[in-house]
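In this document, chain identifiers A, B, C and D correspond to the written order of the chains, with residue numbering beginning at 1 in each.
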Amino acid sequence: MCRWLAYSGSPILIQEALYEGPNSLVGQSLHSHLGAEPTNGDGFGVGWYGAPDTPGVFRSTEPAWNDSNLRELAGHISSPLFFTHIRAAIGSAVQQTNCHPFRHGRWLFMHNGYINGFATIKRDLVLAVDPSLYPEIRGQADTELLFFLALTLGLEDDPAAAVERAIGLVEAVAAHHGVPNPFQGTIATTDGETIWAFRYSSEKNSRSLFYTTDVPTLRTLYPTRQLFQEVSDNARLIVSEPLGDVAGVWNEVPESTYGIVGPDRAEIRPFEPKAPTTPVPVRA
Amino acid sequence: MCRWLAYSGSPILIQEALYEGPNSLVGQSLHSHLGAEPTNGDGFGVGWYGAPDTPGVFRSTEPAWNDSNLRELAGHISSPLFFTHIRAAIGSAVQQTNCHPFRHGRWLFMHNGYINGFATIKRDLVLAVDPSLYPEIRGQADTELLFFLALTLGLEDDPAAAVERAIGLVEAVAAHHGVPNPFQGTIATTDGETIWAFRYSSEKNSRSLFYTTDVPTLRTLYPTRQLFQEVSDNARLIVSEPLGDVAGVWNEVPESTYGIVGPDRAEIRPFEPKAPTTPVPVRA
Amino acid sequence: MCRWLAYSGSPILIQEALYEGPNSLVGQSLHSHLGAEPTNGDGFGVGWYGAPDTPGVFRSTEPAWNDSNLRELAGHISSPLFFTHIRAAIGSAVQQTNCHPFRHGRWLFMHNGYINGFATIKRDLVLAVDPSLYPEIRGQADTELLFFLALTLGLEDDPAAAVERAIGLVEAVAAHHGVPNPFQGTIATTDGETIWAFRYSSEKNSRSLFYTTDVPTLRTLYPTRQLFQEVSDNARLIVSEPLGDVAGVWNEVPESTYGIVGPDRAEIRPFEPKAPTTPVPVRA
Amino acid sequence: MCRWLAYSGSPILIQEALYEGPNSLVGQSLHSHLGAEPTNGDGFGVGWYGAPDTPGVFRSTEPAWNDSNLRELAGHISSPLFFTHIRAAIGSAVQQTNCHPFRHGRWLFMHNGYINGFATIKRDLVLAVDPSLYPEIRGQADTELLFFLALTLGLEDDPAAAVERAIGLVEAVAAHHGVPNPFQGTIATTDGETIWAFRYSSEKNSRSLFYTTDVPTLRTLYPTRQLFQEVSDNARLIVSEPLGDVAGVWNEVPESTYGIVGPDRAEIRPFEPKAPTTPVPVRA
């Protein structure tokens, strides 16, 4: 439904990732090539880490291409790890509380995709959220609920396992209600140090996900590109759609896998939802 | 938290009730005399009945005093029954989906007040909403949830009994969680023919509620007031705070009562919440 | 830059023109076929005539496809003459005061196109506005200024001549500054009785403009279409891009002409800008 | 009309000045004690200096007390020099382009007050703006025009003299049109190094302006206040209304004077508008 981007590396101005190049994320908000909807004009969000303990989050319901405040912030805030997201709403209201990324403590979470049959299965999913977390749900988006399910199921301790359990729960509840192909999309989450990026769909035909080649290789390939000279060796972009079509820069994350990107690691692992071991809390 | 107004009678331009006079509802949005908060700048809404089956609803998060669209609509839409509401948010986000009035089919619902300890008891109250109605909840406001509880408990068949049951349920769930004085406020609801307006608080110290003297008497008292000459004999305004301080116009709705105003009736009855007869669906 | 629609005839709900059909105006806001920009997401406006002396105007900076208030109004307001406009901004800010249609007294004015080199020639054009009208300019859009030039040059007395003089002035000032091809676009203006719709560009390669076949013919062609049965014989839509691709419905307004549509007339005449006879008030 | 605050000193989080204390600037947006209007809910703006050449500017039309994005930015951006402004509009539209502070290159400019009879004299004042600067005017606020007059009259070379000339020009044009008491208010402008803050009104009854006692004295007076221990010796706040009522902190800027605050200086000088020496460019 949407487009997103995650950066980890030495601090750069957010605008380097948002506005530079012909297929920049903001350019994609007007005409995406690979997205399911060509226009992503239903709001946007930026989450970034800096000196304070919790990340900053700036979200707006305006189209990203119009927003002068986004341009100002992106031009003045440098960060070693940030998420940006542009939204094409399908169903839930266009309001700040439905914009990604979502935040809980030091964690951010964003998604390109959907939960199928959400109106049918939402109530049962809400019941599965830890009651102590429940009051923190501020909007009505499927992604926010998925985030709180993952938090309930251990996101802060083992992010990959928690997302596997959360999507497994979605699939189990959906099966109970006869909803086919319940989950679709790519997800990114982070604690401010490491990024986990997932590509999965129940029908095994998932939305696209890409990551950049390592910086030393990029420097060799493109010795005149200044940004590649400036950023640290371990810098990475993870994106739902490539920014620019420079050969050798973008690598696709395979179907049903997830990537882990941190200061000292960058690896890809298989992803498999875990069905709940206890009975699903569906209503009779 | 808020200020509201309900009109029933021969069709008048909405602006007659919104902007006329020194203590008009929009004037109150800047400086209310009796409201708990002096400024009501966190959005507004108008719901009105016309030719279509369902009422129109116009809601915005801007302060009412600024909104040029509100001024245009109020100056061009005539209606025999309309609700207007200005909001001072206390807790829930300033977003259209939290603005009053709320609508379901031909019904409108609005509120000045709050559910105390809402974060604590919200989850149990959500569980009590009819699952078939649950997907229609669009925001996160306490009032919207109260509306859906009343719908679940029979609002469309017996509005007064349903509101008594809904507030009785709120009080029962609150008692279970040790939340004191759970309900406060005044409520208006309508099916487009009749208005029911409630004044109640668990602590029996409720926010104010007023209704106008009958029009024939007003015409005798104020023979030069053009609006009184124009509207029908059965026209009534019900408001959370008097508009203007004209002697003889405003009558207070007593504590723990509700009024019924329709084309052929205007009466006041006692209000008493009804505790649920079945066990409250609270979590263990 | 934009898309617009003008309706004259027996009263219809605005939604009939805005939302019905696969290529409705709101559908066009997401993906226009003939427009210069595929996405028109930078605000919209509706102007309509009803009982009050001046038309109502509802304008918003949100994308039209998102705006729930637009949907409510369009579903509740019937009008015998209305303008609707969706905007793709090119240069001026996305703010309500730059949204079309613009209003002065009983007149409305809207435009799809631009004044080339506007930053260069704006100051000289502003100087040509009648000083008594000048304080009414509320925004910074080229179209609003063109409207005030036309008002200065007699719009209320002879609309076609005034628009010819206004565009003639724009071309003269542009020539003085060496700005090529200064005017591009289609314009609609109305006094609430008659609509004047212009198609012209300095380079004689103007944006598209269409009007509907007369209703009696449409009824014969499409006997099962309910809307054609309901509207009056003299009903007309004028649009910047056809709504739907129904054969025989749409007729193109020729290059460098304008149409006049009123209760008793529908004709097309040649359009030719008139250069000012007095010296252009350009700065030294 | 408004409330504003300017900070210069060692970098602090913007929230320290915006949200801390019972009479913080955001608190004042809901109920100002000394302002001409009690509610300042018609937008706000923040301008701050950081690593980039030009200051960042974040402006919004929402009430400051509601804006979650403002809270995020204020909690994540540290700056050695920033302006914040909350607006109570009187006449011009509530839109981002009318929100303070205004920016040109490295300069910021904001104002609490008004130009009297602005609709009458605006056109003549616009004529006095340097034509090369004219296209940069984005809104319709009196303050933005005053800023461009000051830029035309040398703000970047001699700020105090340019503001004296700009207000002198306003007074001369107003006199020509018979407008009394044309200027009222307090102004702050900065190049990112030094702040100039003016208090003046044509009627010599100007809105209030205050600055803080020097930090070494404040540390002696309030040894337990952590903020006073953290900021540099030369830190200063300049405000339109004191934040909090701590004895010894706030000093009033006298009528018809201006202050200069920079890393190495803090002084107060007399202010006197300078009438234009050439004929005022008023229309016949």
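The criterion applied here is as follows: a contact is a pair of C-beta atoms (placed from the backbone, for glycine too) under 8 Å apart; a residue touches a chain by one contact, two chains touch by 3 or more.
All values derive from a computational prediction rather than experimental measurement.
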Identify the chains adjacent to both chain C and chain D in the sense defined at the top. A, B
Taking shared residue numbers divided by all residue numbers at the interface, is the value for chain A and chain B over half (same) or under half (different)? same
Express in whole angstrom the distance between the two chain centres, defined as the mean CA positions of chain A and chain C. 41
Shared-interface residues of chain A (touching two or more other chains) are 68, 93, 96
Under the stated contact criterion, what part of chain D meets chain B in this complex? 30-31, 38-39, 41-42, 61-63, 65-66, 68, 89, 93-94
In the complex, chain C residues that touch chain D: 93, 95-97, 119-120, 122-123, 126-127, 131, 134-135, 137-140, 283
Flag every residue of chain B that touches chain C in the complex, lowest number first. 48, 50-52, 56-60, 68-69, 72-73, 75-78, 96
